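First chain written, first letter: the chains are A, B, C and D, and each begins at residue 1.
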Amino acid sequence: MKLSDRTQDGIVVLSPSGKIMGGPDASLLNDKLHQCIEDDQKRIVVDLAGVEWMNSTGLGILISSYTTLRNNGGELKLANVTDKIHSLLVITKLVTVFEAHDSVDEAIGSFGQK
Amino acid sequence: MDKPVIKGNTISVPSKLDHLADVDLFIEGILRGYGTDESLIADIAISVSELVNNAVSHGNRGEANKVVSVSINKANGSIRIAVSDEGGGFDPEEIANPIADENLLKEIGRGIFIVKSLMDSVETKKSDKGTTVVITKSLQ
Amino acid sequence: MDKPVIKGNTISVPSKLDHLADVDLFIEGILRGYGTDESLIADIAISVSELVNNAVSHGNRGEANKVVSVSINKANGSIRIAVSDEGGGFDPEEIANPIADENLLKEIGRGIFIVKSLMDSVETKKSDKGTTVVITKSLQ
Amino acid sequence: MKLSDRTQDGIVVLSPSGKIMGGPDASLLNDKLHQCIEDDQKRIVVDLAGVEWMNSTGLGILISSYTTLRNNGGELKLANVTDKIHSLLVITKLVTVFEAHDSVDEAIGSFGQK
């Protein structure tokens, strides 16, 4: 896995890429997400366009970030969920938990509407 | 052991999550050699990564001197993969349901459930050497 | 790029010798998926390791931000492997003979010679993107 | 590659195992061999029983160690050369350079006979 991040319209966009399978890579995303929370950057879009696949470790990171953000008054949204990851979200019913958007712009726009 | 070792269709790695990627390269290589389609390769690779994670963390309890072995073969239009650790095993039928409301937001506990969903069968075998989880997937 | 990336039957790695082992795992996986016999797998793996060493050290001159790609396929009973770098290429026919008396004790200069001995053919192709060395080996 | 070493009858036995393909592993054997020379341990047997295969990097290490030892009044011998490596030695004519023995004991014994 690789991880790049940027800020757009005051919202943090995290773009992991490759496979999220656990091990040294997984903590990269985990650490970054928790660092955002510490930095009081609580509106986060995780852009999954470049993620080939993830396993339950990846889902666990997303869930833990989602709940941590929510408990701190923040919000995590997904963008560009690929077919493979969408299937996993359906299988695990996490599709009912995450707000997902077709593009990063749409995800960012949805924060403003509140 | 401090490196992956290949013997025929088996790869053995030290019990460390750093070696997840090594197992993935070998297994994805074999599957491509079989001519498996890309979507199925991803499903199998995801499942193997779950089982290797479990073998390292639960089976071998993170003891890096222990070994995890992954074997793969194809017979009768079906792919069969066995993931072995040196631990005491578990019953895949007795795992809490991760899609029950009270578990939905838990960080862990989805691995075997995902493997069961993606593969055709998941079985565990215990011996005095350790535990082997065997998964199969038909190529149709 | 900082990790091996697989696309179909191609693996691309950052231009570092640390990734020799990654390429080997993937290529040995594919060859086992093809059902190749163990002795031939070793000959091909040795040859690929020579070409990846050269692609990293000579082709990409150790610049880690460059990429080395290795593709493999099987057609008409023959295995074909292409190793690409971003360098200016070379002529495999113009390499000093490593078994000449004056070269016998040299530390380097045996790689391409060994590949030629083990494989059926070795060809280089140059484009504006870089150099590709293509080797083939019949399965008989 | 992995490398173990021991001393038997005053002779150093180096036992690499796995594949010798270059990269971080190769320098392991290289460093060890040159350390032996510095420590004035100049009679060395390289036991190849556990080496699955090597490429020209491996041969280069053996040659450089062989010549360095010889230039310092020492000697390097091989033991348990597997078929795969024997073929490479034949192809590269290095079979005419290295003294090879069927076992470590035989290689060690051969030093005494001088």
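Criterion: a residue touches a chain if its C-beta (ideal position, glycine included) is under 8 Å from a C-beta of that chain, and two chains touch if they have at least 3 such contacts.
Computed from a predicted model, the values in this text were never measured in an experiment.
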Item to check | Between A-B and B-D, the pair with more C-beta contacts | outcome: A-B
Checklist outcome for this item: Between the Cα centroids of chain B and chain D the separation in whole angstrom comes to 39
Checklist outcome for this item: Between the Cα centroids of chain B and chain C the separation in whole angstrom comes to 31
Checklist outcome for this item: Distance in whole angstrom between the CA centres of chain A and chain B is 25
Item to check | Whole-Å separation of chain centres (CA-atom averages), chain A against chain D | outcome: 52
Next on the checklist: Give me the residue numbers in chain A that touch at least two other chains, ranges are fine.
Outcome noted: none
Checklist entry - Going by the touch rule set out above, which residues of chain C reach two or more other chains? => result 3, 21
Next on the checklist: Can you tell me, using the touch rule above, whether these chains form a line, ring, star, complete graph or other shape?
Outcome noted: other
Checklist entry - Among the chains present, which pairs are found to touch? => result A-B, A-C, B-C, B-D, C-D
Checklist outcome for this item: As the complex stands, chain A meets chain C at residues 1-2, 18
Checklist entry - Hey, which residues of chain C end up touching chain B in the complex? => result 3-4, 6, 8-9, 11, 21-22, 25-35, 38
Checklist entry - Which residues of chain B touch chain D in their complex? => result 2-3, 5
Next on the checklist: Residue numbers of chain D touching chain C in their complex, please.
Outcome noted: 19, 21-24, 52-57, 59-60, 63-64, 66-67, 84, 88, 91-94, 96-97
Checklist entry - What residues of chain C sit close enough to touch chain D in their complex? => result 16-21, 24, 39, 42, 45-46, 49-50, 53, 98-99, 104-111, 113-114, 117-118
